[in-house]
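Each of the two complexes below includes chain A, the first together with chain B, the second together with chain C.
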Partner chain A sequence: MIFPHERFQKLFTESAQRCEQWAADWWSEHLRKPETLSGMGDMLGAMCTLKERWNKGLEQTWAHWRLPSALDMERLYERLGELEEHIARLEDQLEDAPQRPQTPAQPVEA
Partner chain B sequence: MAATQTFDPALEARRAQNAAQGALSALRLLAGATPHDEVWRSGPVRLRAYAPQGPATRPPLLLVTPIINRYRIVDLAPDGLSLVQGLTAAGIPVYVADWGEPAAIDQGTDFEDYVLRYLPAMQRVIEARHTPGPVDVIGYCLGGTISVLYAARFPERVRALVTLNTPVDFATGEPHMDLLREWVDARWFPVERLTAAFGNMPGRLIQQGFLWPTPIGSALKFARAWPKFDDAEFAHFFSVLESWNQDAVDVPGAAYRRLITTLYRSNDLVERRFRLRERLVTLDAITCPVLAVTCAHDTICPPGAARALLEHVSTPADQRRELALSGGHIVPIVGKKAPQRLHPQLLEFLGVSGGLSEAPSPSQPSSSGSPPTGRRRA
Partner chain C sequence: MIAPARSLTHPADEVLRHGPMRVLRYRPLRAETPASRPVLLVPSIINRAYILDLREGQSLAGHLLEQGLDVFLVDWGTPSAADAHLDLEAYAVRLLRRAIRGARAASGAEAVHLLGYCLGGTFALIAGACGVPGIDTICALTTPVDLSEPGPLSVLTDRRLVDLERLCRAYPVVPGPALWATFQALDPVGIPRKYRRAGERWRDREQRERFRAQEAWLNDPVPMTARVLRDVVDGLYRKNLLAKGELRVAGRPVALARGTQPVLNLIASSDSLVPPACARPLADLWGGPVTTREFAAGHIGVTVGSRAPRDLWATVAQWLRAHQPTKELPS
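Take a look at the complex of A and B:
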């Protein structure tokens, strides 16, 4: 782009900056409005619905072919997670329990 | 703006050449700038070891990276754009916690896993390679929040804590943090549905959240940078930084849900309600020296949100410090001015907190990457 006249260029730059500032202000103002945020939330909700439907369709396809699906894997993860949590709780209990004094082993009588 | 702006083919060709060279550098640096060893791994999580330049003169340091970005932000490029190199140059063996990219199976990874499982395992590896004892911890952004939780849960394991632009108080009402907080309000942000549908929260979606408060600036970022591309150094930095910036990673669903519900929405950390495996974790449990690095124009973690840490820890007043820098969230930490403005202060703080006075760790760590057999409880 060629701007032969400095005055024209200055005018253009200032207008662009003003326009940009106006758009930024407008945006900032609207981004706090409950209506806008609610609309954005609805959009995210719609995205979730699409993904849920896609997941369900995939799930049904896999199930139709008697193949392990993502749902089966999820159940497996859940079980593993529960097991892990159980171990973690036991570890916490061990850590919190007072140290028992070590007693010498009693000889076992025949 | 220049007084006159005419199309100069030679200048444009130079800019294009610098842009191409910058893009090539960015591709070359995808695996980080500094040679290192991967000394521990669990699923997507890795511990990366960076040997000190010369003999080790200080105890090892654990650098905890954010969970929403790639670890290489702390090792972006050589020649002053690497925090890791700034630390290893001072004789510090540096270990970087890289959270990796979670797979579907990792969607249940939560803060408990980061604080009670991964970090303790990493510390065991570090102790096996050096000497047993507390380590210095530096955390960046949400990696800093995880470091803070670690220091609060295991105060005896952290010798000194440095937080780089780390949000602790999510309800300071500062610009953009308040906007982000408003956006994730339960009235309209369906975090449960999102994480249930996607498993892990898509990194691209999270990134949009940080761009939306300043959409015009974000949209014009490349156009505004172009005139500066005749400077090869700038072109290199911009390309490398953007290659990292655009390379967002997914966040484990459970961790993201926790971040939104307990930190952004109810500010549990400052309100003394944050629990890890049902155990209350409070900031006043932290007694080690603390340095909070804040940046004046940071919109992701405004200064007040990071500074709050200093008000809630039990560290003696003379060992609590704030390093206030100018600039935004990233450039003051990894930019070309960081070696002058940030690194000396970090090193001085680590020295003041006992780094130089302690016995140096072995310069040749053991080759084994596995944790010691004497397992310490997480």
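Take a look at the complex of A and C:
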């Protein structure tokens, strides 16, 4: 026997599933349309332009005050990264190199 | 929205820190000496590392600890403006090499087993193919390799949608919530759908806790450096350079065929983010022996789902036991 609240729950679930399926199909179809993708791309592009201008403004402000900008810091960290990489390679070479046998110190003749 | 949780379930100690990355070593569950060859878990950079140690009963790391293995975890951390220079090469070779070295130094082992999840698996394969020292075997879990047909993600990587060079200039570090929202845009109906389904099972305490833990992890997005995003989207997705053997790292081509380590390729058959067709070709592309296993699960469910202990975890533990070279594991 199905109680009224169970029937209501079943009805609700079925309706929700149908709505979800319809919405998901609609979105999936429209998301792949070239005009949707281009529109979203334009929006993202505009956001990037705004952020770029903001970054540039900050750069100029820092430069005006003779302070290192975010770009300067990024360049510095990049150089540091390269240096670290170089050190890591040297460490690898040391690790892979065969151990040199220890030779006893020779007495120096007078 | 369920608030993010940022801690591991099992206690672990930091053995190495380099830039945003940390390497953590789990404390053994038993007093006896762990297995001689450690396992280094390499998660994706897109989400937090604790998916591999989500909660009791949903922890791959915990299961490996129970098997008596010495488990390390790479936590890629949160990149800041100071880390904006990190690209694919930095993650897959430089940082991963450091992590491997850290795990070897802490354990005293000659080599480690790498277990890479999603992009972490791709990094592990690139490191293996590039000859990064100290890699014994690789477990590639839902790892994208051949992205000629990337499935639903092809929308997000479409050239009309994202101008990567412009994105790099504007956002040297792409905010986590922006990445999270982009993934949600693929299936916005999925959010109300999963909450409705969770509501139907809300009386089951275990199901409720599982849902909470997974949502907390999903609602905890990580920022990504624009350079690594560019390398992944343009190099791996749009141009499919890794599968074609045309990917260049540190000026040298990365040929998967040069990889010699044994690989366990773990595929989720219902994975929509990394469809099986993107992971299966590894068997043909990799130079060493490849064992492939498929599980009826999705991208996340394969690792933390209710069937994960008897499917994925058991397979991984068995593989790792079989590849312990010098010393028998405690029974």
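The rule is short, and it goes like this: the second predicted complex is superposed on the first by the 70 of 110 C-alpha atoms of A that agree within 3 Å, B and C clash if a C-alpha of one lies under 4 Å from a C-alpha of the other, contacts with A are read in each partner's own complex, and residues count from 1 in each chain.
Basically, a contact is a pair of C-beta atoms (placed from the backbone, for glycine too) under 8 Å apart; a residue touches a chain by one contact, two chains touch by 3 or more.
The shown structure was predicted, so the numbers you read here are calculated from the model rather than taken from an experiment.
Look at A:L67: by the touch rule set out above, it reaches neither chain B nor chain C. By the touch criterion stated above, A:E52 is placed in contact with chain B and with chain C alike.
Residue contacts after overlaying the shared chain place A:A97 against neither chain B nor chain C. Residue contacts after overlaying the shared chain place A:E6 against chain B, while chain C stays out of touching range.
In the overlay built on the shared chain, the residue A:R32 is in contact with chain B and with chain C.
By the touch criterion defined above, A:Y77 reaches both chain B and chain C.
After overlaying the two complexes on the shared chain, residue contacts for A:A24 are found with chain B and with chain C alike.
Judged by the document's definition of touching, chain A residues 13, 20, 23-24, 27-28, 31-32, 34, 37-38, 40-41, 44-45, 47-48, 51-52, 55, 70, 73, 77, 81, 88, 91-92, 95 lie at the interface with chain B and also at the interface with chain C.
Residues 13, 16, 20, 23-24, 27-28, 31-32, 34, 37-38, 40-41, 44-45, 47-49, 51-52, 55, 70, 73-74, 77-78, 81, 84-85, 88, 91-92, 95-96 of chain A touch chain C in their complex.
Against chain A, in their complex, chain B makes its touches with residues 1, 3-7, 104-105, 107-108, 112, 116, 179, 182-183, 185, 187-190, 193-194, 196-198, 212-217, 220, 277, 279, 377-378. Across the complex, chain A meets chain B through its residues 1-4, 6, 9, 13, 20, 23-24, 27-28, 31-32, 34, 37-38, 40-42, 44-45, 47-48, 51-52, 55, 70, 73, 77, 81, 88-89, 91-92, 94-95. Partner chain A is touched in their complex by these residues of chain C: 81-86, 90, 94, 97-98, 101, 133, 155, 158, 160-163, 166-167, 169-172, 185-190, 192-193, 196, 200.
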